[in-house]
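Structures given as structure tokens follow.
Here come two complexes built around subunit A, the first alongside subunit B, the second alongside subunit C.
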Partner chain A sequence: MTLLDVDGLKKHFTVDSGFLSGLLGETRTLKAVDGIDFSVDAGEAFTLVGESGCGKSTAILSALRHQQPTAGKVRFKGQDIEMYSKRALRGEAQLIYQDQQDTLNPKMSVGEAIAEAIRFHDVVPPEEVDARVDDLLERVGISPAEKYQEPSAFSGGQKQRIAIARALAVEPSLLVADEPVSGLDVSVQAQILNRLMDLQEEFGLGLVYVTHNLGIARKISDTIGVMYLGRIVEYGDVDDIFEDPQHPYTQALLSANPVPDPAVDRDRIVLEGNMPDPIDVDDRGCPFVPRCPEATAECETAEMGLKPFEGDRGHLVDCIHR
Partner chain B sequence: MSAPLLNVEHLSTHFKTADGPVKAVDDNSFTLEEGEVLGIVGESGSGKSTLLRSVMGLIEDPGEIVDGRIEYRDRDLTTMSDAALRELRGNEISFVFQEPTAHLNPAYTVGDQITDVLAAHTDLSSEAQWERVYELLGRLGIPSPEERAESYPHEFSGGMAQRVCIAMALACEPELLLADEPTSALDVTIQAQIIDLLTELQEDLGLSMVWVTHDMGVVAETCDSMAVMYAGNVVEYGRVDAVFDDPKHPYTEALLRTVPSHLDTAPRFDTIEGSPPDLQDLPDGCVFQERCPEAMEACRTGRPPYYEVGGDSAWLSKCVLHEGKSTRPASPSAPDADANPSATLADSQTDGGKPTGEGDR
Partner chain C sequence: MSQESADATVTERPRQSRAVAGATRVWRIVSANSLSLVGFCIVLSLVFVAVFAPVLAPYEPSAQQLDNTLAPPSADHPFGTDNTGRDILSRIIFGTRYAIAIAVVVVTLETVVGVSLGLVAGYYRGKVDETVMRGLDVLVSLPPLLLAMVIVTTFGINIWNAMLAIGIVYIPMMSRTVRSSALSIREETYVQAAEGLGYDSKRVMLKHILPNSVPPIVVLGTTDVAYALIDVATLSFLGLGIQPPKPSWGAMANAAREYILVTPWPIVFPTLAIAIAVLGFNLLGMGLRETLLYGEDYDEVVE
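And now, the complex of A and B:
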């Protein structure tokens, strides 16, 4: 079953460009997300991969109505997402953020924070709430005896486990995680991500994961979308893309990522320059042109859009040379 | 082989607190050969930045180097006067940090800041200083250097600002560049640019470098030798190829298994269960014992000395699995090892570097 189906999603911001241009009525548009499509099935893990500023976080926030999108259609379980009440939507789709400092109430014990979520969404009868809290904490590897502690008593990794327990407490069908382990050390990351993958499989959850870390994306995803400047430039099965990337940006990104093995000899593609600000991006042509090693005059005016690579409808590339 | 450029022996840097010393760096040895790149790798809180700052002479109260030697070209930096250290820093030894903009003055143009360094450490005329600024910025791949020298730090992107910091670090043609996570704040494609640039400069200028990072991928791609840190201890030191191929400390082995690589297709991540110990309450014996799959009784008493492993006197492992191999002699200034340091922790001296009696190599 398709849980989340995103079609032509755009999120533009109007940028205040100063007093004078304000007087002259000039406005500039920052196109954080500029027309993206993706879908996530129950039990599927989809990852949005990209560098900072590519729009990956804004994309999921606007898809789930944490921000009002500028354009696009989003369906949840086949129904227009606008039809869901906020409460019903949060009961179905739970978000986990990078920094739990901001999302756990510092004055509330972690057990109470989880219990509150269970009660709010009427997940189980009141007399079963305590047992459910204990069960959830155990599942994420926190001793239920610690549930009376406030968040400050826990390390960053433990807080992230607690956040996962709280997200699961409402029995969502979709979990959305925005760089949930990027502030943590690799040994702690590994423990949490394994746990997350186990739980996702056990409950048949859909997962939308957002990260810049290609090592994590490889393991956690079934499908990925590679984002650049507000657009998905390549989309498909994670192994297909990592083993045979087609878009010049994906190729450069994968080749630039350091591999922890000195015996692997690699040809790095080093891109010049930076990803430009997504302000006043030309609607015509490919936004990757200024940094692309394969750019031609045609690329500057071509009609862009994801197209099946060599007829494979599961592997989509937004490049006229493919 | 000629004498190493930098030879760190049994270095310990502790921070005094009301509850006893925090042993951020505890009995560490490694060397850096001339013209080579040494990676210091470890997770956050392992003491890698404190180790680097100790070498820089930038440890401030309540921190203190309590033991050990830092030999740079046969001079011991730990006993050098502040004035002599300052002269060395900026001239022969310079630094690059993680956050470039935090180390540039926002109120001055980058050209002014680089000429300041040149004025402090060279006899160049003002005109020659500016010529050098343009040359440096151009060398570091900054387009139109004469214009960009007039720009302020905020006008540069993260990658470009790091290039400016590297230009400043190289202004006085240093012998040794100490870099603390110089690419960690940058995106992958920008990191690749800076790695390529630093590697190229290092080779062209014959620079020696110490590169602190948490990223095993960066170590594999840029370094000749590596020091692996855990809970204030360099638990293994050796050549990068050799250590990756056959790690001689269980922590190194575990860390290498855990690093997520985008080429790895296993369904789950390898893990190290548990978390690092509290630096104020380190266990007696090996610092990794609580998480170590190989831990045995011998690991629980006395910090292991550096064993010379792999048939190489410059490959060191602090692990009793190598008992019977020769050990690196303890620091001459170290007291006899205290077998039970965790009782009060009031003693601010190191408990490491336990002499084993078979210490000549």
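And now, the complex of A and C:
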């Protein structure tokens, strides 16, 4: 069953360019997300990868109405997402935040934080809440005896696991994790990711994972969307993308991913320049032109959009040379 | 809402151990700084005096000895007697009750109204914020004591109006303090997370923002008790507060004013009482400010 179906999602920000330009009516628009499509099925793990600032967080936040999108249709479980009340939607789709140090209210015991979520969404009858809290904490590897502690008593990794328990407490069908392990120790990262994957499988959750870390993306996802400047430039099965990347950006991105073997001889594709300021992006043509090793004159004016690659149904690429 | 009342019980520890833990916590915060420790002791003694006034006072506060007026301190009357022969010590002891009760009522009023307005303004921002804060700015632009006097004379001279008047005067400061912490706290990830869990704005404000803005509220509230004591005494001194024959420090000082050339004692002791009470709350407030707001080892003290 398709849980989340995003169609043509856009999120533009109007940039305040100063008092005088404001008077003259000049406004500039930052196209953080500029028309993306993806869908996530129940039990599927979908990852959005891309550099910082490519709009991957904004994409998922506006898809789930944490922010109001500029345009686009989002359907959740086949129904227009606008039809859901805030409470109903948050009960279905839960978010795990990047900032694990600060994601729990410092003045509330962790048990109470989880219990509050359970009660608010009426997940179980009141007399079962306590047992439920214990069960959830155990699942994420926190001793239920510690539930009276305030968040300051826990490490960053523990807090993130508690946050996962709290997200699962409302029994969502979709879990969104926005770089949940960045800033944590690598061993702790692995621990949390394994836990997340186990829980996803156990509850049959849809998972949307947002990261810039290709290693993580490969480990946890079924499908991947590679984002560049507010667009998905390549979309497909995780193995297709990692084994046979088509878009020049994906190829460059993958070639930059460290391989833990000094003997491996890598052909590193080094991109020139930085990602341009999304304010200055031209509407016409391919946004990757300034950095693309394969760019031709045609690329600057071509009509862009994801197209199936070599008739393969699942693998989509947004490049006119493919 | 039954949901709210259930919140406190299910996953919290039993009530009694929570009370003990709370008291220990208060003690640890107060004793972390010598200023607040001294202030706390003074405040505690004032409360003790207020509670046990009938036991501690040697005479009835309004018992007159017309053959022994304006007497200097002696063994019988340690602080002397006033112009109608009433024992000043006894009147000061009973006056503590009024002073403390009024100051506490004023600060409670200030806190309830000020915190609500500040939370709402800081949480909703935009138009709501502008409306609330500009309204309060109007209050601030008037001289506080003058405003209090206008309120009291307009609505009638009695102690309830005096408390109301002073409370209103203090509201803007409390609102501004709470608003500014609400503004910054609402950007914290845990507030975003609370919104992300679908919680309604009331729950986010009361359970997630408010508990995290307690320290500045406590500090300001404590210091304001001291100011309220002065203001109540001032209003009473002007005849707009507690009415004689009730023993109020300010009114006592006012009555003794006429006889200041005959004997200074009836004005010295009530004034000293005001000074000590104000000092107590001020020291407590200053110490708490150090510990709660600027303390480097705040977490060590509190956790």
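Assume the second predicted complex is superposed on the first by the 319 of 322 C-alpha atoms of A that agree within 3 Å, B and C clash if a C-alpha of one lies under 4 Å from a C-alpha of the other, contacts with A are read in each partner's own complex, and residues count from 1 in each chain.
One rule holds in what follows: a contact is a pair of C-beta atoms (placed from the backbone, for glycine too) under 8 Å apart; a residue touches a chain by one contact, two chains touch by 3 or more.
Note that the structure is a prediction, hence the values are computed from the model and not measured.
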{"item": "Joint occupancy of subunit A by subunit B and subunit C, clash or fit", "value": "fit"}
{"item": "First, second, both or neither for A:I81, with subunit B first and subunit C second", "value": "neither"}
{"item": "Which superposed partner A:G157 touches (first subunit B, second subunit C, both, neither)", "value": "first"}
{"item": "Vertex subunit A, arms to subunit B and subunit C (CA centres, degrees, nearest 10)", "value": "80"}
{"item": "Partner chain in contact with A:L214 - subunit B first, subunit C second, else both or neither", "value": "first"}
{"item": "Partner chain in contact with A:A256 - subunit B first, subunit C second, else both or neither", "value": "first"}
{"item": "Partner chain in contact with A:T103 - subunit B first, subunit C second, else both or neither", "value": "second"}
{"item": "First (subunit B), second (subunit C), both or neither touched by A:I224", "value": "neither"}
{"item": "Touching partner for A:V264 - first (subunit B), second (subunit C), both, neither", "value": "first"}
{"item": "Which superposed partner A:M304 touches (first subunit B, second subunit C, both, neither)", "value": "neither"}
{"item": "Lowest inter-chain C-alpha distance for subunit C and subunit B in the superposed arrangement, angstrom", "value": "13"}
{"item": "Subunit A positions touched by subunit B in one structure and by subunit C in the second", "value": "none"}
{"item": "Touch list for subunit C against partner subunit A, complex", "value": "3, 6-7, 10-13, 188-190, 192-200, 203, 207-208, 211-212, 214, 299, 303"}
{"item": "Residue numbers on subunit B that touch subunit A, as the complex places them", "value": "43-44, 157, 159-160, 187-193, 195-196, 214-221, 240-241, 244-245, 254-256, 258-273, 275"}
{"item": "Contacting residues of subunit A [partner subunit B, same complex]", "value": "51-52, 155, 157, 185-191, 193-194, 197, 212-219, 239, 242, 252-254, 256-264, 268, 270-272, 274-275"}
{"item": "Interfacial residue positions of subunit A with respect to subunit C in the complex", "value": "66, 86-91, 94-95, 97, 99, 102-109, 111-112, 115-117, 119-121, 126, 129-130, 133, 147-148, 150, 152-153, 163, 166, 170"}
